[in-house]
Amino acid sequence: MARVIGDVILDLQNISLSFGGVKALTNISFDVREGEIRAIIGPNGAGKSSMLNVINGVYHPQQGRIVFRGQERRRMNPHEAAAQGIARTFQNIALFKGMTVLDNIMTGRNLLMRRNFLWNALYWGPSRREEIAHRRRVEEIIDFLEIQNIRKTPVGRLPYGLQKRVELARALAAEPSLLLLDEPMAGMNVEEKQDMCRFILDVNEQLGTTIVLIEHDMGVVMDISDRVVVLDYGRKIGDGSPDEVRNDPVVIEAYLGGAAH
Amino acid sequence: MIYREAGQFKASYEEDQQIFPIKQDRIVMATLVVATFLVVPFVASEYWLQAVLTPVLVFALAALGLNILTGYAGQLSLGTGAFMAVGAYATYNFLLRLDGLPFLVGLALGGLSAAAVGIVFGLPSLRIKGFYLAMATLAAQFFIIWVLTKFPWFSNYSSSGIISAQRIEILGFAFDTPVSKYLLTLAIVSLLALAAKNLARTNTGRSWMAVRDMDVAAEVIGIPLMKTKLLAFAVSSFYCGIAGGLYAYTYLGTVEPDGFGLDLSFKILFMIIIGGMGSVLGAFLGAAFILLLPVGINVLMHTSVGALVPATLASNLELIVFGVLIIFFLIVEPHGLTRLWQIGKEKLRLWPFPH
Amino acid sequence: MQFFLEVLIGGLLAGMLYALVALGFVLIFKASGVFNFAQGAMVFFAALTFVGLTERLPQWFGFSPEWAGLFWIALLLTAAIMVLFAWLVERFMLRKLVNQPAITLFMATIGLTYLIEGVAQGMWGAMVRGLDLGISDEPVMWLLERHNLMISKFDLVAAAVAGVLVAVLAFFFQYTKVGRALRAVADDHQAALSVGIPLQRIWVIVWAVAGFVAIVAGLVWGSRNGVQFALTFTALKALPVLILGGLTSVPGAIVGGLIIGASEKLAEVYLGPYVGGGIDSWFPYVLALVFLLIRPEGLFGEKHIDRV
């Protein structure tokens, strides 16, 4: 299937965020187009994760506007963001440790499930049908990410790489239109990275999901992303295609240093 | 060879999502149901029905209630006793003041009253967590008992807040023997246990556990924290309220506010710690264990072993054993007796091979 | 006005005693992140052990119970027993619960409460005992004559003791090597370990210090109300104090104690009659709760930012 990059789906304008007196983000603007893979790079402490947290409402910026799907807002709250189709994974895995892989992924479908607790207490008729229907969809995701063999395992017992994959599965279960990935490949070995790259590209191509990702591995970023934003000390210092960014003297100076060539 | 799942293939997700996917478990459960409903009433003595089986069921229900809140939704409560008191006193007042109100409706209204009170005291959970929240439930504990003691209206102006349960009558049949009270308790508790299991394995339960395990992530997924927590408080308090009603009506007959004090709350907390957090089975195992332990200690003290223990120590042995067991279980097996039961089943499944 | 002042001062003095118990909580929470529900049981245990020793020692060693040294020997022995207790808690409980969720540790201390209560009563019996520290519980004369205020001498002494203890602890925390290590541990367990601070020894020390605080609290409370099981309920009085003051703050415990003590007495006297009295069982909790909703981290607690 051919990839189609559409109009701007998410537009961030002049976002500033600070904690106490510490400025995490200063006047940052960039946009994300529908269907693209957009990377955010920058050294540690550049404000990358804060940026994602602003997009899905975990943090509330003091200044700036967020326009998502034509709707303008000062701030998101996480629940609203999820309801509008924004899903994400976390830098430090944020799975529900006490639950199985299957249950973790099923929580991702929470927003799509309609039956209230009284129906669920009976587990009868509509409630049962709903559970089964969503289970079916979740099994498709499980197949897609090739984690069939661990579906009944408590996530706490899984190795790191698999946990990352389960977290991706949980995010996908919500059928998001915008997927935020915070260092999806951190701490993985080469093979695991390759797998993860393939999954990300597949999600983007087959499901048409727009992806914003933070990643440290420059090779990966340059390979899979359409456009890259570069942050440094909470400011935007570069924005463009991987090639443009790679050759931007400001970026080279501040971030890549001499070692990039 | 007896406990094998080999050959039991699941052809649909429906089959995979059953409460007991393994056939042998279903047989055991069916046997248990038949035994408790049809055999026990005929073979158990009045003492056992009245002083052991009925209270175990009542406390199991209360523990189930606390387990929903603490074990599933991760919100620690030290106010279980007070929510039971609300159930008991509300049931009493509904039955007293509404003429001809059927008992079960009164009991349900008692449970709903407890749920309402639970929601009120659950409101702080939106802003505070952990032991701060435990403090909020302690406030509920002290406040509710105080209200029931100080305002005689709640106990129909009896002395020091004591209430005597009215006669239970359902569809013209009077429940006034130990056997009938036991059966009534068993029926109610079984139904509510099934409902709890259903909640736990569907979307509702998953949302609770998600909030328990990591609330920030839960919110990001789109689980509304406020609604989920308050629902846990409401359902939990409903269960505790019904348990309180049964405590007054089918178990003791006469209760006073102080009987629902902090000690009762702790006892029920111990039940879920020892029985198993976040498990329906655990509530039953824990209740049985905690209630039978003093009996066991008592029996032991009357044997030759008991003669060796100094009298002052013997009378405090219960406290010591409770204390040690709580710490022991928290260290060694945080999932309690339920986990031991599962490990036993795993072993049985592989037997005679070790792995 | 006179009456109001009396109630207020009485409340403030009682508040000092709450603060004393709360202090034990704060110490342990700061150093080990454990919310020690057993602090009240420790107060009971310490007081009971002290009284038990003053009764038994003369019998065992055949000296007169009137001998002045008895007090100090009993105190020393009680302190030694609290150190042993601290060591046992670390060895058999804390060490095995490292890295468990805070709430698990909290529940473990509820178990510990039962254990201590059982052991204390098993060792020394369950009857109520008097404890006479030789401080009279009479109004201070010059205050009564000059300002017409009824303030008990005992309360003043108790408050002074609490004040001294707080000062000593503050000094200990701020200026000694162990104190610095304690603060380091409180900040970050891992980091403290990595710079070579022996975590387990620190825990023993801090539990022992909390034990000493419990002795003082136990003696003061015990000589006021008798040494009895009800001493364990001092913990229940101290919890709202902690919430108000913040779990990690020593000054918070003091100020919180004063606020709770004063407002509780004032509420009982001025509000109590309208609602049937006895509101001091829950009033501090409701006060603390209302406060929590406005400022979740307490008066002096540190604000916590959730990192994702």
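Read from first to last, the chains carry the letters A, B and C; within each, the first residue is number 1.
Everything that follows uses one rule, which is that contacts are C-beta pairs under 8 Å (C-beta built on N, C-alpha and C of every residue); 3 or more make two chains touch, one makes a residue touch a chain.
In this text the structure is predicted, and so the values were computed from the model without any measurement.
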item: Remotest chain, subunit B as reference, centres from CA atoms; value: A
item: Which two chains share the largest set of C-beta contact pairs; value: B-C
item: Chain with minimal offset from the mean of all protein Cα atoms; value: B
item: Interchain centroid distance [CA atoms averaged], subunit A/subunit C, Å; value: 49
item: Distance from the mean Cα position of subunit B to that of subunit A, given in whole angstrom; value: 41
item: Rounded Å distance, subunit B centre to subunit C centre (Cα mean); value: 33
item: For subunit C, residues contacting two or more additional chains; value: 308
item: Contacts with two or more other chains, residues of subunit B listed in rising order; value: 216
item: For subunit A, residues that touch 2 or more chains besides their own; value: 58, 90, 94
item: Footprint of subunit A on subunit B - complex, ascending; value: 12-14, 16-17, 195-196, 198-199, 201-207, 209-210, 212-214, 216-225, 231, 235, 278
item: Residues of subunit B touching subunit C in the complex; value: 74, 76, 124, 127-128, 130-132, 134-136, 138-139, 142-143, 145-146, 149-151, 216, 262, 266, 269-270, 273, 310, 312-313, 315-327, 330-331, 334
item: Subunit C residues within the subunit B interface of the complex; value: 35, 92-93, 96-97, 100, 102-104, 106-108, 110-119, 121-126, 236, 239-240, 243, 275-279, 281-282, 285-286, 288-289, 292-293, 296, 306, 308
item: Residues of subunit A defined as touching subunit B within the complex; value: 56, 58, 78-79, 81-83, 87-88, 90, 94-99, 103, 106-108, 110-111, 113, 115-117, 120-123, 127-128, 130-132, 135-136, 139, 170, 174
